Structures are given as structure tokens and as C-alpha cells.
Amino acid sequence: MVFIKDAKKEFLDQIINKRVLVFVHLDVDALCSWKILQHLLHCEHILYSVIPINSKQALEDAYNQHKQVANNIILINCGATLDLVEILQPPEETIFYLIDSLRPLEVRNVYNGIQIKIIVLQNELGIEQKLVPEYEDIFDEEEENDEENEEEEDGDENLDEEEPERNRSKRKRFDPEYLEKMHAKREWESKRSKILFEYYKYTYHRCSSSLVLFDLAWKSAKDNNDLLWWSIIGLTEQLINCKIDRDIYTRYVVELNSHVLRHNHRPAVNALGTSNTNPAPDDVSINCLKISHLDDLNMVLLRHWSILESIYHSIDLACLFKMWTNKGKKKLNEFLADLGLPLNECKQKFAYMDSSFKNDFKMLVASENIKEKYRYDENFIYLSTFIASFGYTNKLTAFDMAYAVEALMENVDGEKNLSDKFIEALNCLNRENLKALECGIETAKNHLKKIYQQIQNFIDMNQIVASGPFLQVFLEEGSNENPFFSQIFTSKKLARFALQSYLALTKGKKVRNMPLIVCIPLNESNTLIAGVPPYRATNNTENCFGLAFDEAAEKTKSRVNFSYFDTSIIEINNEDKSKFLDALVAVMQ
Amino acid sequence: MDNEYSNVISSIRSINTDESSSLSSNTNEEEYNHHTNGTEAYSTHTNGHDNFDEDEDDEEEITPAELIEKLQQSWLNEKFSPELLEHKTAVVECIIEQIKHMENNIRSAKKGDFRIAIHKLELDRIKFLLYSYLRIRIKKIEQFASSILEEDNRRPSNIRSKLSAEEYAYASEYLKNVRAHLTASVLEHLPSNLQDLNEAVTMPRPDLDKFVFLRTMDNIKGILIDDMTNDGRNEIIDMDKGDLYIMRYNPIKSYVNSGEVQLI
Amino acid sequence: MDNEEVEFIAENELITIIPNFQYKTFYLIGGDIGPFEPSVPTQVPLWLAVHFRQRQKCRIECPSWISVEKLEEIMNNEKSSELFTQMPNAHYMEITNVLLNCAPQDIPRADEVKTLIKDIWDLRIAKLRSSMNEFIKSESLHAKVNNLTLLEINTVRNLLTKTLKELHNLKQHVPVTDE
Amino acid sequence: MQSDCYKNGYFNIQDIMASQERISCKFEIEIPNMGFLDSSSHDSNLKVGSKLDLPYWLIKAIYNEKFKFVNIDLPKWYKKFYHDILEADACVVDLRKMGPYYYDFGVLLLNLVETDIGLNIAKTLLSCFRSRFRRIMDLSAQTDHRDLYRAISKLDYTETEMYKAGQLDANGFIRWQRREFCKLLPSIIVTANKNKRKRTDSNGD
């Protein structure tokens, strides 16, 4: 088992005086972990070069280009699910350090003791090891070295396509002892493939890599408020993109809260986190970062635009009020009236609302009669998060930051290449750069508007159609929003929102636990297909599409490119799109 | 590795006095071994006046810390005085030696050593001081090349030249080029009687009446000031230790060289 | 002379830090830096303290004179006295500026300290300018400027030296007695 | 005073410009075949009593106690009338209008005039300089010189130099406090041909 026991000794101390090459995947969690790692590298004077990665192909090209730079390579949120040694063919002495929240880990990575080291949270080491199947029943010593072999396992049973090819060998002569050995082998093989099938069935996420790195920084006494803030943002992004579900999120929030109290031992900001009416005479100067825990409203970017807009664009509330129908809009006005908020107040920017409404808005929303009238409960409307104040600017919750950074990363207008987006998003993360943050929030706002608009179209022309085991929705050809929607996380977000809104608006029981596929035409030749697991209030993070896409592609031999690390997103050629979807229906049955 | 590192470092302490510089910080071996920790550099005796005249080779130790202090003082003096001061050859050479020792010491140390960054940082600071000092001198030489050289030729043989060897070469080379350039570009095309550069008038001279801030290092009596108005009315003042003054450079010209007055 | 160079000189001042690592003495050219024991205060030059603080290897112990009471006291004597009073440290402005920039958390009541330092600085600069004015109006061409710190001198150096130079030129033609 | 008229050196522009100022003077003697100087008369040589504006350096070169070939008429700025104005309140006087090199030229004039008038001029120059110093110091402390334009236009050349020195100090301190020296900016050469580099980049990959 090659999980790193003590990250400080086996990871940080190993790369002290060596040059390091870092590949960072383009997602907020990876960006935050890179900021933390960068700080650690600065403290130890370690030379590094960092390259943003968004697909497997990019990883291979970048690796081949920079192979000779360093033989210590760190991969953040990319590559853990690939058989790195096979794909990259690294020279003997290169060592890969993997920090990744995506599971399941590639079995060969886990068991490759020499070249690959996987870093996970110390206290979750036990669980991780139990998740991975035992060594014996995957690799069979004598089977590897003795080359004789008999017929291939049956096709669909064999799951990962990189299974080393069984080299053909002539059949040995029959004798009882050989027959009996053959029988044991076949039975072991079927057990093995069943285990592997079970292991690779679902792709899901475990602890965010920024948390792992913060833990490392804490253990080597190099943690400070900034690193803590970045790891909070990394964790929040995991919740936004439904990589982890609410109770795992709350567990980590509690854990982080202990760190927050350690770093910012000061009275918590007042309830709504807007103005600290009687500023306690804390002794730290105003321009240091101060973080505190806060039960915030589950309304997206609430502090940056009006309440109305915020409710429109937060998906849970929109589905609660069925916002896309006029009846829904009326219901919302009625809701606001019940709260005693005049309409023009709600249209005003939240920051400029007069403070009487603002302060008790939070309490009112959770008052008893409102709750049962609109049938929602405490943890639907409240979301435990953290709020940071720096200098005299307004306060920011972790959600605002996560939305802003993601928006900057997936920003399509203005032809920026990958590294420009990467640098821009990184700038938005360090707190001195308020300009970048404002621009990030603005971009996030119009991204949410675009998605809302698209969902509105879906509902009006009811494009979401149930076909067999899953729902399906197509975006029409050549709409100028397609490049925007074809980004990795935006496509997943669109699919999730579409699924949730569809369920909110249709009665049908059968449709309740159906996953959804969205097909977005990339250019004339191929489209992007993204699959989202069925919407269950609690645990809707396990995604079975990775496997299903695999099999369907194999069956129909269609030109599919699995270039994204998230296996539930693929690009497929237009011609064999319909053929592929029918095969998918068959597989998913 | 550590012991190897420390005896390399001790070699710095015992720089053998080679013939070039009389100034040496040869704190001998055993004094070094009993670790005098704490940050006060070991105070070996230094006589008040640190005259570095080359010829009589009196052994007076000066610790590297004081060496840097001297370099900083001469850097400030050079920066604020309008004229070229005496070249502190001894200090400069000793500093260069220290830097060389420290540099090959860093090269020999283990690669991941924690101290390397700190030693490098300190080296950069000392190098900055040294380079800035030399650059200021060169700027002055270029500005007043002819007057410096003329003064240098006039000086009697027993007083040391203000310029170091390299500076002297540079100054004469520079002056030759300037004259060649001026003649080539302009003077040749003028009628013959105007071709003389008559440097006596046009030669740029340091403006000794520039005002400077200064701090007195010890009590000085009877400084002649304000001999301006031609009716010979001038003022004599005394300055006691540690005072700060602002005045013309001329009256305290001689005191700067002797180190009684430090320009700030 | 640039203010950065003044700060460069100020960085040689010694300051106490509380390291969080263990290391034996090491021998810099500028002197020996004491053995480091975790949470045992030791003295290092300011440039080294900042280097360690940025690497999160130490916490800077705030110098005794950077405290609200002490600074208020300095402010009052500065207000009351006609001449410049003796400052606790020759580079008080540079040190507080460097510390406030690189380690605001290590200084208690950092905001009040910052405002107090700025007030003291403004007070002294105002006093300096009025004394400059009298100096120009007075007859003499030299003046004692005790208790002025290097940074204060540097902020008026260009103007004062140039003005005195011009004054000196004009005065050469006027015999002082007939004034 | 070995080269008093060349204050900071022979090649100092300020001195050269100051000695360009013209002084009107009446000729005492006739100067053969220099008539072309006086445009009003067609005679080949210069008659007695003709009035001409000669630059200072010409007069200085020829004129001395023994050979007073011209009778110098002081420029009106240095006459008694203006001395009283300067005595009254020097700060409001627009020195730039009275010749941008008021002080320098004043000092140069002292060589040509008798000692008592010279003494008078020198005293006025000194007191005027002293009284205007405070204003210049305060003006130079403000870092944004756009709105000061009206005030600065009243300063003569020497005072503007002092103003610039004051500005240098004030800006230097502000830049230091904002720690602008910490930011390492790319040198102009790099930013200048940035687009050139981009082109090579684009056809590179």
C-alpha cells in the first residue's frame, strides 16, 4: 500500500533541495491547493515550475515537453485515475506525488510502490486503504510472470481498457494437475473482474486536496490565515459542484472551524456578517485577514446583488418556488410579502438595503410559519460557511470567492488561453487583488444569468425528454452560448440545474431517480456529452456514467475521446452520436 | 557535514595576511574555538585611528563586522562629498577577500543547507555596498577627470594618490578619449587659434561649497567658517562629539578624510 | 540618497525574534547569529528577521518602544519641546514601517501604533520646516540639527542644500555687517 | 573668486542663459565700421550716443573701469522703483516676467555697476529670496503639481530649480511609504518591443 503515512517526512522533506514540476488541474480546489503548496515551496526555497492542465492529452504533452526539467512531479487533482506509468512512460528515477480528490484511484497507481506516492489526509488513511481492493485478488504473482495463458476474459467483463494484453501462448498439453490449476485460475479471474467492476463502478470524490495540503502545512507549522482561507474555498467549491454532499461538507466545516478559532481568536462577526456594530477592540490591525464561522443564507452571491436576483439564481430556491412559471413568480412575491419586505427594497442591491430590513431578513426567513407554509426546513435555507473580512472592504463568504474564481476560470469571452485564465483566477485568490475579485464576481453573475436563461428555454420548449433509463436534453446547434456551456464545470452545472428543475416541475414518480445527459454541440464535427447522477436530496455525488460511456463506446466502436479527467464528460463525433446513445440506453437498462 | 562546514568557516576567521593588505582579521585559531556566542562580534583591539598606510605593517586586527561598518561609512562619505575622497584600498580589498571566502564556502556546503540562503542574502547586501561605493567614485572620476588627474600629478610623492591603480588607469584612459572625441568632433573644424581646449577655464571642478549634513565623531576645536565676505570677517566654531551639523563642505574638508567627521 | 538606501542602513538594527526552529550558531560576516532554540527570544538584524518572518520561521517580538503608551509619551514631549527630542531609535520610522508591512499580527494594537507614528513624524517634519525657514532667514550659514533622524534629513536634503547653495551665492556679494 | 560668473562650471546652461540677457546702453565713443549693429543708421561706423541692447557677456568682455565705452542703463527690474515693490511683499511679484534669471542676472550685473548701487541690488535680491523661500517650500511639498500651475508660474528659474528639488524629496518619501520600490517593473526596452516578442511567440507554437 503506497499511501504516504507522514506527508511532512515522506513528501515535503524529500523534495527540499530538488527541482519540482507541478501539474495543476483547472478547478478551484486545485487552484487553492496550488496556492497552499506554493507557499510551502517558498518557505523551503524549492525551485518549481507549474503548468495548468485541463485534459489527459494536455497532461501528456506538457509532461513530454518538460520531462527533463525535474524528476519530482506533483499532480494536483489530475492523473490519479490514470495509469501514469503506462501512459507517460517516465524514466526510472522520476517520482510522482499525487494529491487528488477524485476516486476511484487507478489500481496500478496505488500498488506501484516505487514511482507513485499518493497523499491523503492522515486520519483518513485507514478508510482509503480499505476502499482499494486487496493486492492479492487483483494481481496474481505467478500469472504475471508465467506467460502461458488461455482465452481472454469475456469482453464486457474486462473493464479498464489499459488491461495489459494477455500475450497469446500455445495451449499446454492436458493433464489433471494443469486442468485443476486452470480451473482455480479461471475462478480467481472472474472474482477479480467482479471486484474491479465493483471498484470502478462509481466515480466520486473524497476530501478536497486543498484540505490535504492545509493539513500538511499545519503539521509542518507553516500554516497561517491565508492558507486556511484557501482551503475553506477549496472545500466550498466541492459542495458547489456537488463533488461531496452536505453532511461530509459539514463534517469538514466543523474540523476547519477549530483551525479558524485557533487563527482568529476574536468575537464572531454579528449574525448577518454585514456590519460589526460594536467593533470589539481586537488588537490585530485592520488590514489582516479575519475569518469567522457564519450560518449564511443559501442564496448565491447574496451580498453582491439584490435579494430577488439572488433567489432567482440559487437553484434550490428557484426549484422550491418553481420560478420558471408565472405561478412561481407570483409565489415568490407572496413569499417576500409574507416576510414584510417591500418589493422595491428587494430589487435594491443587498448592500444598500436599509439596515432594518437587512438585519432581520435572516431571522424572518427561518420563522416558523414561513417555513411550513413553503415547506422547507432549517438546513435547506441555512448553509454553514465562513466569512472573511480584509481591510475596509465588504465582507466575503467562501461561496462568493468560489463562484468568482470558477467564473474567471471558465470565462470564454476574450480569447484567453489556458495559462491566462489560470493566472487570472490565481490573482483573484490572493486577497490584495480586489479588482480581480470584483471582475470575478461580475463574471459569475452573468454566468448564472446565462444558465438560468438556458434552463428557462429548456422548460418552455420542454426539451428535457425521458428516453429509457435516463433523461436527455440537447442544446440546439450553433447558439453562441455553446462555447460557454461546453466548459467542464458549467456543463455539469447546467445538467444538474436542468435535472433539478425538471423534477420540480413534473409529477412522475418513475422519473424521480433518473440521471440526466446533456449534449452540447462543440463545433460542426463533435458534441460534448455530460452525465449527471440522479438528484437525491442527500447523497447525489456518485456518478455511474464513467463506466456506462465506456461500454457504450466500446460496443458501438464510435469515435469517442475520453480526454477529460472526469470520466462522466466525453466528446463524441456527431455521426455516431445517435448510435452511441442507443447503446447507452441498452447498457444502462 | 556540520563539522566540515564549521572548520571551513573558521578559515575565514584566520585569513593569512598576504603581502598586499596590511589589514587582516587573523583572530587566531584557539580564540575562535571557544564559541563566543551572542551577536557582539569579538572585540579585538582596534586603535582609534584606523590608518591603513601601507608601508609600516602594524598588525592591528579588525573584525569583519567593523570592516563592514567602515565600508558603510566610506560609502556615505563618498556619496555626499562633492570631491573625490581618498580610496579606502585596504577596506575594499579585505571585503573582496571575505566575499570570495564566503562564496567558495557556500559552494562547498551541502546543497540543501538551511544557511546558504542567509549567507547569500548577507553577501548580496555587502556586495551592494561595495559596488555602490565604487560606482560613485567612478561617476566622480568621469565628472572631474581632468582636475583629479592634474591634482594627482601635482601631489608630492610621499602622499598616497587618491586613486587606486585601476581608477588611475581608468581616469587617464577616459580623459584621453574625451579629449580625442572633442577634438575630432569640433575643434578640428575650427580655425587654428581656437583649437585650444584651454582646460584651465573650462575644466569642471568639484563645487566645494556644496552643503552637507555631518556628524562629528569626536570634539573638534576651531573650525574656520564663513570666510565669505572679502573683508576677512570669519567665524570660528567648535563642535563636540556626536553633534549633527549642516554646513558648507569646504571648512570640514580635511576632517572628513581623517575620519573625525562623518557625512550623513 | 534614496529613502530605500536609508531603509537599507536601518535594516542593520538588531531586533528580537522568537524562532520556531532549532539551529546552532552560524557565522555571518557581519557577526555571529546566536544559536536558535524554539520560543527562546534571540537578537538578529532586521533584514534577517524579515527573511525568517516571511518563511514563517519566527515571530517578531515587538520592540519595547513600539507601544501605544510609549509613543504617546514621545508625542507629548515632542509637542511640548521647542527643539527636536531624542527618538527611541535612530531609525524609528523605517523599522515600524517594515514591521507593519511584513508582520502586522506581531504588533499589538497595530492601527493605533501606525497612526501615532505618523503623527509623530508629521509633527517633527512640520517643526523641521519651520526651523528651516528661520535658518534661511537667519544670517548664519551653518546650523546644529541634533536629534534629527536620517530619514527626516533625507526628506529635506535636496531642497535645503540647494537653497543654501543659492543663498551662499547671493550672500557672497553682501557684506554681512550692513544687514 | 576664480570663475565667479561660471557658478557651477563653464558648461552650465543656466549661467550661459543668464549671461545672454540684454542690457540697453548708450555709446560714449565712436566705433569704426560697426555700423551694421545699429539698424536705424546707415553709417558704416557706430556714432556716439546711439542706443543699443547688448548681451551681458559682450559688455563684460570689453567693459572695465578704465575703458567705459558705453554708459549702462540698468534694466528697470533692478531699479529703485522695483526694489520698493520687492521690499513691500516679494511673494506676490511675478519674477518670471522680470526675466526668468532674475537672481543670476542680478549677481552678474553687480560686476558692471558701482558698489553702492550694486550693494543695493544685492541686498534686495537677498531679502527677496529669503522671503519667498517659505512659499516655495510649501508649494513643493504638495505632490500633485497640476493645480499648482498658477503659483509656480510666478517663480524664476532658480526658484523653479528649488521647487523641483523639493518635489523630488516629497515624491521620494511618498513612493517609499507606498513601498513602490518593492515592485520590480519590466524595463522599458522589454515593454517597448513586447509586441515583437508576441509575434515570435505566436509563430513559435
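We call the chains A, B, C and D, going by the order they appear; numbering starts again at 1 in every chain.
As a working rule, a contact is a pair of C-beta atoms (placed from the backbone, for glycine too) under 8 Å apart; a residue touches a chain by one contact, two chains touch by 3 or more.
Keep in mind that what you see is a predicted model, and the values were worked out from it rather than measured.
Enquirer: Looking at A-C and C-D, which pair shares more C-beta contacts?
Expert: The comparison resolves to C-D.
Enquirer: Chain with the smallest distance from its CA centroid to the overall CA centroid?
Expert: So the chain nearest the centre of the shown protein is C.
Enquirer: Can you tell me which chain lies farthest from subunit A, using the average of the Cα atoms as each chain's centre?
Expert: With centres defined by C-alpha atoms, farthest from subunit A sits D.
Enquirer: Using CA atom averages as chain centres, what separation in Å is found between subunit A and subunit C?
Expert: Computed value for the inter-centroid distance: 52 Å.
Enquirer: Roughly how far is subunit A from subunit B, centre to centre by C-alpha average, rounded to an integer in Å?
Expert: 63
Enquirer: State, to the nearest whole Å, the distance from the C-alpha centre of subunit A to the C-alpha centre of subunit D.
Expert: The mean C-alpha positions of subunit A and subunit D differ by 72 Å.
Enquirer: Where the centres are mean C-alpha positions, what is the separation of subunit C from subunit D, in Å?
Expert: From the centre of subunit C to the centre of subunit D is 38 Å.
Enquirer: Could you list the positions in subunit A whose residues touch two or more of the other chains?
Expert: Where subunit A is concerned, no single residue meets two or more other chains.
Enquirer: Using the touch definition from the top, which residues of subunit C touch two or more other chains?
Expert: Residues 157, 161, 171-172, 174-175 of subunit C each touch two or more of the other chains.
Enquirer: For subunit B, which residues are shared contacts with two or more other chains?
Expert: 117, 207
Enquirer: In their shared complex, at which residues does subunit C touch subunit D?
Expert: These residues of subunit C touch subunit D: 2-4, 7, 97, 101, 129, 132-133, 136-137, 154-159, 161-163, 166-167, 169-175, 178-179.
Enquirer: Quick check on the complex: what are the subunit D residues that touch subunit C?
Expert: Subunit D reaches subunit C through residues 1, 4, 7, 103, 107, 110, 118-119, 122-123, 125-126, 129-130, 133-134, 137-138, 140-141, 158, 161-162, 165-166, 168-170, 172-173, 175-177, 179, 181.
Enquirer: For a test of understanding, state which residues of subunit C touch subunit A in their complex under the given definition.
Expert: Touching subunit A: residues 20, 54-57, 100, 104-105, 107-111, 114 of subunit C.
Enquirer: What part of subunit B is in contact with subunit D in the complex they form?
Expert: For subunit B paired with subunit D, touching residues are 201-205, 207.
Enquirer: Across the complex, what residues on subunit C touch subunit B?
Expert: 1, 8-9, 11, 14, 23-35, 43-44, 47-48, 51, 140-148, 150, 153, 157, 160-161, 164-165, 168, 171-172, 174-177
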